[in-house]
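In the two complexes that follow, chain A is the common piece, with chain B as its partner first and chain C second.
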Partner chain A sequence: MAGILVTLVIGLPWLGAIAVWQAGNGRAKLQHTLAIVFSVLTAIISLVLLMFASSEAVIQIPLGVSFGELTFVPDGLAVSLTAIAAVVGSLAVIFSVDYMHGDTQLGRYYFLVLFFIGAMIGLVLSGNLLFTFFFWEITALCSYGLISFYNDDPKAVAGGIKALIITQVGGVGLLVGTLIAYVNLGSFQISVLLEKATTLPSVPLSFIAFSFLIAAAAKSAQFPFHTWLPDAMEAPTPISALIHAATMVNAGIYLLARFYPAFESVPAWTMSVLLVGLVSALIAALSALIATDLKRALAYSTVSQLGYMVYAIGAGGVFASQFHLLSHAVFKALLFLAAGSVIHSVGTRDMRRMGGLGQRMPFVRNVFIIGALALAGVPILNGFWSKEFILEIGLEHSPVWTYGIMLFGAGLTAFYTFRMVWLVFFGTERDQLHAHRAGLAMRVSLGILAAGTFVTWLFFGGLNGLLSTTMPFHGFEHESLLEMVISILSAPATWFALLIVGLGFGISWVRMKGFKYFGGGLLQPLVDTSFGFEPVNTFVVQGVSKFAERLRATQTGELNWNILGIIGGLLVVLVVLWMGA
Partner chain B sequence: MNLFSFSSLIAIPLISSPVVYLAGRIGTHETTLHGRSYLVRILALIAVLIAWVPFIFSALSFLSDGVQEVAVETIRLSVDGISLLMAGCVLLLGTLVVLFSGSYMMEEVGEEKYYAMLLAMMGLMIGLVTASDLFNLWVWFEGMAISSYLLVAFYREQAASLEAGMKYLVQSATGSVLVLIGIAMVLTQTGTLDMAQIAEAVSGSAVNRFAILGAGALFVIGFGVKVALVPLHTWLPDAHSQAPSGISAMLSGVVIEIGLIAMLRALAVLTGSAHSWGVILMGFGALNILYGNLLALRQTVVKRLLAYSSLSHIGYILLGLGIALYSGVALGAQGAFFHLFNHMLMKGLAFLSVGALMYGMFLRNDSHASLKVADLAGAAQKYPLVALTLSVAVLALGGMPPLAGFMSKWQIFVAGFQTQNIWIIALMIFMALNSVLSLGYYAPLVNLMYRKGPSAQVLAGKPLTWSIALPLVIMMLLVIGLGFFPDLMNWLTVPAGGRLMTMFGY
Partner chain C sequence: MFTPLNVILFGVVGLLGVGFYGLLITRNLIKVVMVLQILIKAVILALVLAGKLSGNMGLGISTAATVLVADTIVAVVGLALAVQVRRRFGTLDVPKISTLRG
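The block that comes next holds the complex of A and B.
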C-alpha cells in the first residue's frame, strides 16, 4: 500500500506535467483544470501517506554496478515534507489559475511547476543518496526554468542562471559527499550512512559533513550563498511561493535534518551550522529593513527564517527546525500569494508606489496581515510557537550570545514586517495605481492558507509522534502539544522575546507615521552588495567570462600556429614521458 | 564471404560505397550535376541496414564465445569488446545519419559522393577498431581520414567549408606522419609490427626504453590530432561546424573517438608503464574539459558551440580511461566507454537536431547560413519536436539526471573516488565544477528555444520531413532510456573496459 502511494505521489505530478504539456497551449481551460486535478490529487495522497509512515523502504529496485539500489523510505521527515510540498504546491497551482490568466505559455508553466513538485517529493522520499542527488538536480533545473519563465526579459534570464549555477555548485558538494560515503561504505543507502557514520574514519566523515553543509547552504540560500534568492524574484509570484515555501529551499534544511545524527560528532560541524544560520538570519533581516521591492523584502525574510531553522539544527533542535519549517511554509506561502494578488492587481512590485491599498483590497489586506503577524511571531499564530520553540532550544543548547543575536533578529523581523504591511496597505496613496479585487481562485487558496496559520501549530504532537516513531537514528524526544505549550508559556524567555517583538512593532510604527524617506542610510551599500558577496559573484562570473573571451585568441585560424600546437604538444609529452621513465 | 561474420560488417559498407556512387552517376548526363538522388538514398539505406545482420551475429557469438579472431588472407582482425562497442556506435549513428540525410542532402550537388564517402568511412572505421597489427591500424586510419576530408569539405563552393577541409587535411596529415615515424621506431626496436609480438619484445631487455617511449609520445600526439586533444584540436571547431550536419554528428560522435581507440591500441603494446599513459590521458583530459567549456561559453554559432563541447566530453572520456590506466580501477574504463557511447547518442542528437533546424530554417529557403544562438529564439513554437530533442540532448550533455550523460559521468566519478587518491579526487571535483560551468551555456539554449518572441528565421522556417524527425525521436528515446536503465549497456561496456585493462596488463 505504502509503495503504491509513494509511486503515485511522485508519479502523479509528473504525469500531470506531461498531460498539461500535451494538452496544448490553445486550450487554457483544460490546462488549468488538469493542473489543479493532478496537484490536488497529489496533495490528498500525500496526506494519506502520512498514515503509512515507516522507517522501512517500501520500494526497492536494484540498479546494478555503481548505481546501488533505488529505494524510497516514507519516514516521518520524508512524509511530512512531502505533505508540505504537495499541499502548499497545490494551493500555489490553484492560485495560478487567476494569476496566470491569459498567459500564452501555460503548458511550459504548469509542466515545470508539476515536475518541480514531483521532484521535490522524490528528493525527500529517496532512500538512496544517488537519487537524492538526482532529484536535487531536477529541482534546480525546474527552478531555473521557472525563475526565467518570462524569458523575454533579460533580468529574469540572468536571475535564473544565477540560481542554477549557485545551487549547482552546492550540488557538487552533495555529489562529493555522496561519493566519499559510497567508497567508504560501499552503499548509497541513507540508512547505511546514518548507521555506520560512527565507524567511518574522521577525515572522510568530516569531508562528507562539510560537503553536505555547502550543498544545503547553497540550496537554502544561506550565507555565503544567499545572493541568488532575492534575484529569483523575477519569477511569476506563485512560483516564488512554491520555491520559498513548498519546495526548493526546504531541500537544504531537509539535508541537514536528515543527516544530523551522522555528523553531530564531527568537530566544529554543529557550530558551523549554527553560525551559518545565525549570520544568514541576521544579514537577511537587515536587508529586509530597507528593501523597497515587495517580493525582495519577502525573499529576504525567507532567507532569514531559513536561518532560524539552520540555527536550530546547529543547536541540536532538529525537530524544532521541522516545526518551524511547517509554520514557515504556510505563512510564507500566504504572504507570497497575497503579495502576488497585490502585484497582479496593481502591476508593480515597488512598495514606494503602493500605499493605502488596504481599502480597495480588504480581503488581501486581512490575510496578508495574518501572515505578517505569523512571520513576526505573534501569538497564537503558528509562527509564534515555532519561533519561540527554536529560541528556547537556542537558549538551552547554544552560547548565549548567539541567542541574543537571534532575539535581536526577531525584533528586526517585527520591524520589517510592520513596515511592509504599512507601506503596502496603509498610509497615503503615493501613486495612482489601478487596483481590483482578487479573483475566486486566489481567494480560495489565500483563505485556506490564512486558516492554516491559526491551526498548523496544533499538529505539533502529531508531527512529533511521526518523527519520533519512524526515525530511529535521530532519537527524538516525545513531547506532546500540551507540554510544548506549557513550557513555552511558562518560560520567562518567551515573554522577553514578545517584548522585543513588540518593541520592533512599536519602533516601526513610530517611524512609519508620516513616512517619506526611502533611502537605506548606512545599510544601503551593504544590502546592495549582499553584504559584500555580490561583488565576489560578479568577480567570478566576469573573470571566467573574460578569461573565456581572451582564450578565443588561441583559436587563431592560422595553420602555422596550429601545427606549432601539435609540435609543442609532442615536445611536452616527450619530456613528461622521459622524465617519468 | 559469410554474411554472418564480422568481416562482412566491414565489407558491406566498403563494397556498397562504389556501388552507390556508380548507381548515382552512370547514365546521367555529364552536364547535369545531379545524380539519381532517390536511388542513391535508398541504396545507401539498404546497405547500412544489411550491415546490422553481421553485427548482430558477431555480437551474439561474442557474448557466447568471447574474443574472436577473424582472418582475411594475411590480415587478422580481432573482435573484442572494444571493437564490438565501437562497431555498434559507428553502425547505429551511421544508420541514423543516412536516414537523416535523405531529406537534408536531397538534390545537393554530389549527393552520391556524400553517401559513397559516408559508407566508406563507416567501413574503414569498423576495420580500424579490429586491426591487430600496427601497419594495418595505420592504413585503416589513413583511409578513414581521407574519406572524412572529402566529407568535411563537401560544400565545395563555399570558402569556409574548403578552409575547414584544408586545415583538417594539413593537421591530420601532420599527425599521420608522426604516427608513421612512431611505427618505424617500434619496428626498428622490435623487428615486428604484430601487436602481440611487439608486446612480448618490449617486455624483454633488448629494446631501448627511450625509443619506445618516444614512439609512445608520437602515437599520443599523432593520433591525438584526430582525438582533438588540446592543443592539437584547432581543426575541430571549423570542421565540425562547416561539414553537413550529418557529418558533424559522425565526426563528433564516432570519428574522434575512433582516433582514441587507435591511440589506445597502439599504446597498449608499448606498455610496461600503464601509469605514465594514465597520467598523460588524465592531463589532457583535464585540459580538454576546461578549454572546451571555456570556449563554448562565448560561442554564438550553435554548431561551433557543440564542437567545443565535444572537446570537453572527450576530456571526460580521457579522464575515465586515465583513471583506469593509472590506478587499475576497471570501472573508470567502463564509465569512459559508457560515456563514449552516450556521447555518440547525445552529441549525435544535438548535431542532428541543429541540422533539422538548419534544414527547416535555411536549406529549404536556399540558404547555407550557419545557425546562430540567437536564431534559436522561440524555435519551440514552430518546431516543438526538435526543440524538445535538442533540449534533451544539451541537458544530457550538461549531465542532468535522469539522462544518459549523467549516468556515465557518474560511473567515472565513482571510479575516481574509488582510487582514494587525493589528486584524482581533486580532479573529479574539478570535473564536477566544469559540468556546472557547462550548464552555463547549455541551459540558456533551452531557455531560448522556449521563448515567446520567435526570431525572424523561425518565422520564415519551413516544415520538416519524417525522415528527419525519426532519427531524432529514436536517439532521444535512447538518451532518456539509458538514463533510467544504465545497466542496459553493460553487456558492451563491461567487456570493453575489461579488454582495455587486459590490453594494458592489469
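The block that comes next holds the complex of A and C.
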C-alpha cells in the first residue's frame, strides 16, 4: 500500500507534467484544469502517505552492481516534507490560474512546475544517495527553467543562470560526498551511511560532512552562497512561493537534518553549521532592511529564516529546524502569493511606487498582515512557536553570544516586516497605480494558507510523533504540544524575544512616521555587493570564461589534428591499462 | 610465431595502423572515406577474432555482420557527400572546406 502511494506521489505530478505539455498551448483552460487536478491529487495522496510513515524501505528496485538498490523510504522526515511540497505545490498551481492568466506558454510553465513537484518529492523520499543527487539536480534544472521563464528578459535569464551555477556548486558537493561515502562503505544507501558513520575513519567522514554542508548551503542560499536567491526573484511569483520559499531551498535543510546523527561527532562541523546559519540570518535580515523591491525583501527574509533553521541544526535542534521549516513554508508561501497578487494587480514590484494599496485590496492586505505577523514571530501564529522553539534551543545548546545575535535578527525581522507592510498597504499613495481585487483562485489559495498560519503549530505533537517513531538514528525526544507550549511560555528566552520583536516594531513605526522610507545609508554599498560576495562571484565566473577562451586554440577545425588527438588519447589509455596490469 | 591467431592479430593492428596513418595525413575527402573503410575492416576482423577467442563465434560473426551493413551505409553516404562537396565548393581538400574552427 505504502509502495503504491509512494509511486503515485512521485509519478502523478510527472504524468501531469506530460499531460499538460501534450494538451498544447492553444487550450489554456484544459491546461489549467489538468495542472490543478494532478497537483491536488498529489497533495491528497501525500497527506494519506503521512499515515503510512515507516523507517523501512517500501520500494526496492535492484539496479545492478554499481548503483546498488533504488529504495524509497517514507520515514517521518520524508513524508512531512512530501506533504509540504505537495500541498504548497497544489496551492501555488491554483494561484497560477489567476496569476498566469493569458500567458501563451502555459505548457512550459506547468510542465516545469509539476516536474519540479515530483522531483522534490523523490528527493526527500529516496533512500539511495545517488538518486537523491539525481532528484536534487532535477529540482535545480526546473528552478533554472522557471526563474528564466520570461526568457525575453535579460535579467531573468541572468538570474536563472546565476542560480544554476551556484546550485551546481552544491550539486558537486553532494556528489563528492556521495562518492566518498560509496568508496568507504560500498553502498549508496542512506541508512547504511547513518548506521556505519561512527565506524568510518575520521578523515573521509569529515570530507563527507563538509561536502554536504557546502551542498546544503548552496541549495538553501546560505552564506557564502546567499547571492543567488534575491536574483532568482525574476521568476513568476507562484514559483518564488513554491520553489524559492517553501520547497527547493529547504532541500539543504533536509540534507543537514537527515545526516545530522552521522556528522554530529565530526570536529567543528556543528559549529560550522551554526555559524553558517548565524551569518546568513544576520546579513540577510540586514539586507531586507533596505530592499525596495517587494519580492527581493521577501527573498532576503527567506534566506534569513533558512539561516534560523540551519542555526537550529547546528545547535542540535533538528526537530526545531523541521518545525520552523513547516511554519516557514506556510507563512512565506502566503507572503509570496499575497505579494504576487499585489504585483499582478499593480504591475510593479517596486515598493517605492506602492503605498496605500490596503483600501483597494482589503483581502490581500489582511492575509499579508497575517503572514507578516507570523514571520515577525507574534504570538499564537505558527512563526511565533517555531521561532521561539529555535531560540530556546539556541540559548540552551549554543554559545550565548550566538543567541544574542539571533535575538537581534528577530528584532530586525520585526522591523523589516513592519516596513514592508507599511510601504505596500498603508501610508499615502505615491504613484498612480491601477489596482484591482484578487481573483477567486488567488483568494482560495491565500485563504487556505492564511488559515494554515493559524493552525499548523497545532501539528507539533503529530510531527514530533512522526519523526520520533520512524527515525531511529536521530534519537528525537517525545514532546507533546502541551509540553512545548508550557516550556516556551515559561522560558525567559521567549519574553526576551518578544521584547526585541516589540522594539523592532516600535522603531519601525517611529521611522515610518519620520518618513525615512528608503534611505540605505551605510548599508547600501554592502547590500549592493551582497556583503562583498558579488565581486567574488564575478571574479570566479570571469576567470572561468577567460580560461575557456584560451582553450579555444585547441579547436583548430583541422581533421588531421583531431585524429592526432584521438590517437594520443588512445595511447594514454593503453599506457594506463598497461601500467595498471 | 605464425599461428593463425597471431596472423589475424597482426592483421588487425596493421589495418588499424594503416587507417589511422591515412586519417592523419590525408586531405582528400574520398581518401578519408577509403581509410575509414580500412579502419572499420580492422574492427570487423577484431570482432570475429573476439568471437573466436571468447568461444562465442555466433555472437562475434553476427556483430561483425551488423557492423558490415552499417559500414556500407557510411561508405555510401560519405561518397555521396564527397560528390556534393565537390559540386558546391569545387574542391575535395578537407581543410579548405572546414568550418569547424572554434
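Here is the rule we use: the second predicted complex is superposed on the first by the 543 of 581 C-alpha atoms of A that agree within 3 Å, B and C clash if a C-alpha of one lies under 4 Å from a C-alpha of the other, contacts with A are read in each partner's own complex, and residues count from 1 in each chain.
Here, contacts are C-beta pairs under 8 Å (C-beta built on N, C-alpha and C of every residue); 3 or more make two chains touch, one makes a residue touch a chain.
All figures in this text were calculated on a predicted structure; none of them were measured in a lab.
Peer 1: Is A:67 contacted by the first partner chain B, the second partner chain C, both or neither?
Peer 2: first
Peer 1: Pick one for A:552: touches chain B only (first), chain C only (second), both, or neither.
Peer 2: In the superposition, A:552 contacts both chain B and chain C.
Peer 1: Would you check which partner chain A:563 touches, where first means chain B only, second means chain C only, and both and neither mean what they say?
Peer 2: After superposing on A, A:563 lies in contact with both chain B and chain C.
Peer 1: Give one of first, second, both or neither to describe whether A:430 is in contact with chain B, with chain C, with both, or with none.
Peer 2: neither
Peer 1: Shared contact residues on chain A, chain B side and chain C side combined as an intersection?
Peer 2: Residues 552, 554-557, 559, 563 of chain A touch both chain B and chain C.
Peer 1: Which stretch or stretches of chain B touch chain A in the complex?
Peer 2: On the chain B side, the touching residues are 166-167, 170-171, 174-175, 178, 209-210, 213-214, 216-218, 220-221, 224-225, 229, 231-232, 234-235, 237-238, 273, 275-276, 279-280, 283, 291, 294-295, 297-298, 331, 334-335, 395, 400-402, 406-407, 410-411, 413-418, 420, 428-429, 432-433, 436-437, 439-440, 443-444, 446-448, 450-453, 486-487, 490, 494.
Peer 1: Could you please specify the touching residues of chain C with respect to chain A in the complex?
Peer 2: Touching chain A from chain C are residues 20, 23-27, 32, 94-95, 98-102.
Peer 1: Can you list the chain A residues touching chain B in their complex?
Peer 2: Within the complex, chain A touches chain B at residues 63-67, 104-105, 108, 130, 133-134, 137-138, 141, 144-145, 148, 151-152, 157, 160-161, 164-165, 168-169, 171-172, 175-176, 179-180, 182-183, 544-545, 547-549, 551-552, 554-557, 559, 561-563, 565-566, 568-570, 573-574, 576-578, 580-581.
Peer 1: Looking at the complex, which residues from chain A come into contact with chain C?
Peer 2: Residues in contact with chain C: 552, 554-560, 563-564, 567.
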